[in-house]
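The letters A, B and C name the chains in turn, as written, and every chain counts its residues from 1.
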Amino acid sequence: MWDTEVKRVSAVKRDYLARLAKEGKRPDGREADEYRPIKIEKNVIKNAEGSARVKIGDTMVLAGIKLEIGEPYPDSPNEGAMSTSAELPPLASPEFEYGPPTPSAIELARVVDRGIRESKYIKLDKLCIEEGKEVWIVFIDLHVLDYDGNLFDACSLAASAALQNAIIPNERHDIGKNESLPVGSPPVSCTFVKYEDFIVVDPCLEEDAIAQARFTVALDENGDIRAMQKGLSGSFTVDEIKNNINRAKIHAKNIRKLLEE
Amino acid sequence: MVKLLIKDGIRLDGRKPDELRKIKIEAGVLHRADGSCYLEWGENKILAAVYGPREALPRHIQDSTKAIVNARYNMASFSVEERKRPGPDRRSIEISKVTSEALEGVIFTELFPRTMIDVCIEVLNAEAGTRCAGITAAAVALADAGIPMKDLPVACAAGKVDGTVVLDLTSGEDKEGEADLPVAIAPRTEEILLMQMDGHMTYKEFEEALELALKGCKKVHELQREALLNKYKDFEV
Amino acid sequence: MRKIVLPGSEVGDAKSKLPGKGTFKEGDKIYASRLGILSEKGRYINVIPLSGVYDPNSGDNVIGVVEEVYRNAWIIDINAPYPAFLSAENVPWKIAYGETLKYLKVGDVIIAMISSVDEARNIDLSMKCKACRKVEDGIIIEIQPSKVPRVIGKNSSMLATLKKYTNCWIFVGQNGRIWIKGEDENVNLLIKAIRKIEDEAHTFGLTERIIKMLGG
């Protein structure tokens, strides 16, 4: 998926980005430690149990939540379950194609899933209908609409926002009145990429395309770490990783405020 | 159980038989696509994007005489009440096919041999009539992308509910009613680009329904025009 | 006053007028085939496009990116629906068979001229022209190809304005790619000005607004 984008970056553009990087500058004029404007709209899809559209710069993602009744896992007979998938339809980028999810799309969905799961954002223990027999399964579907870099944070934020206002559709199954999906405090994820020894937060499309290494960290409300993912073939030093996490703590606080508005 | 869908000439959602649902169209909404459109039609929410014409790949699918029009209709898993598994099913594959063919009918494909024009239709929220809404949105996205066409196609459905011929069915009317007739036309010439029907109608009812659908198409066409012109409204400044 | 037309809009009578670019004739009427601005030139009715892909024409100067390297030729992406062909015979260097890679590799950027476009839309490039060269520095930005005439302006007036107020080197490819070189600050200002031209290409009084923006 994103791999093909790399080919399209011309040598001149690559050289230009590299030269800017040496001077600590980014192609869109941002500071290394600066996010693009973030916009969150909740409850945009009527047929979903919860939904949110998130824009980070020109990247736009729609998350929809659906709840279905299913069987619990044998090792957690009185807990609900969750499942996260990401669709990258060709609508969002000339590089995306229809077809089964690519490894990149699966990685994206799994990283988002881990942040939510490990921060115990969804109170799965409250989603049991009949022990060992029936529980609620929460489906988080991420639909990318416009790709301009940093899908990890956009998807994670959209998922958190969509879960925030989701309902349990009891009425559809004649088992009582609809109620709010029980959730705790959402995880917030921050993504950094590195190219030419320059590390930036919230990569735009061109930065995503030439990134040599990527790092995502999901933090809970206390700033504790709930999930991490290092991606791509380049590497970070130990100090760089630590620095990323400390920077993420500051960003996550600000993003959390947007989420709570 | 017999439910009354039309009472005193008024439908359950308050519309008259020949009335459309509320429609909102916006052209040029996506950043990456060559052309795009966002459309709300009742509770339907549709995004359409056009890429191309671009080199058709792999090369063996190329047609040396014309562009291939490749429309893909896709429903988001959360767009319907019962979650839909991601990926194409038989229904969406059929809709993609008839949509591609309908659009190809108005595009000057011979101007772009060996290429592909990709039309992506994403249904974000669905409530009856998504294929018509999808074609209508796709047409706006094609025009926005600067694709040469002999007309700006448009689609609208009519049907039969409680023995009455009505325009633009809701999902309740589609399920409980007697017939559904989605139609896409080239509005200038009234050529039929797409027609499907399921249910039960007499020939006379069909004539009436078709006339109603054509009238609906013309109204929606005005909204398409407004949306496209609106994008360039400041040009007289 | 300029008029925006849409595909299928009636734009003239075929008995007195001739269908030009962006139009077609059906019966005795002329219709627009695409979204654009209506323009009459002599007996011809044209529609000047407001969007759309680059339509390659022989004689155009374009900025291309090397896509594939063969032993005696290169395939060049010129931002058109078709890749273009650059033969080792049509470059300013003397190249021995199999040594193409020494001169241009995948990702390299060139300024070239379209030497021919045939019926089947096979496109040949040549680098034997005055402006033609391999681009080694600066930056390339992409704009919508339909906006290129506006960036150049009548008799290159807009281009002259941009150069004068930003002190940058600029080369505008007909295919919507623009090469820029200059001081970082000036380059940033120039890019902003070009984006403004792109966004407001269809409005009046643009040159004045651009001059004002550039501090003139």
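Note that a contact is a pair of C-beta atoms (placed from the backbone, for glycine too) under 8 Å apart; a residue touches a chain by one contact, two chains touch by 3 or more.
All values derive from a computational prediction rather than experimental measurement.
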Per Cα centroids, the chain farthest from subunit A: C
Interface with more contacting C-beta pairs, comparing A-B to A-C: A-B
Subunit A-subunit B separation of Cα centroids, rounded to whole Å: 32
Distance between the centres, which are taken as Cα means, of subunit C and subunit A, whole angstrom: 38
Contacts with two or more other chains, residues of subunit C listed in rising order: none
Multi-partner residues of subunit B (at least 2 other chains): 54
Multi-chain contact sites of subunit A, meaning residues that touch two or more partners: none
Touch list for subunit A against partner subunit B, complex: 44-49, 51, 58, 60, 62, 64-66, 68, 85, 87, 89-94, 98, 100-101, 139, 141, 143, 145-148, 172
Residues of subunit A touching subunit C in the complex: 7-16, 23, 25, 29
Sites on subunit B touched by subunit A in the complex: 30-33, 43, 45, 47-49, 51, 54, 72, 74, 76-83, 86-88, 118, 120, 122, 124-127
Parts of subunit C lying in touch with subunit B, wherever the complex brings them together: 1-2, 4, 6-8, 22, 24, 26, 31, 33-37, 49-53, 81-83, 120-121, 146, 200, 202-205
Contact footprint of subunit C on subunit B as seen in their complex: 34-35, 52-55, 64, 106, 108, 112-115, 142-152, 186-188, 225, 228-229, 232, 234-237
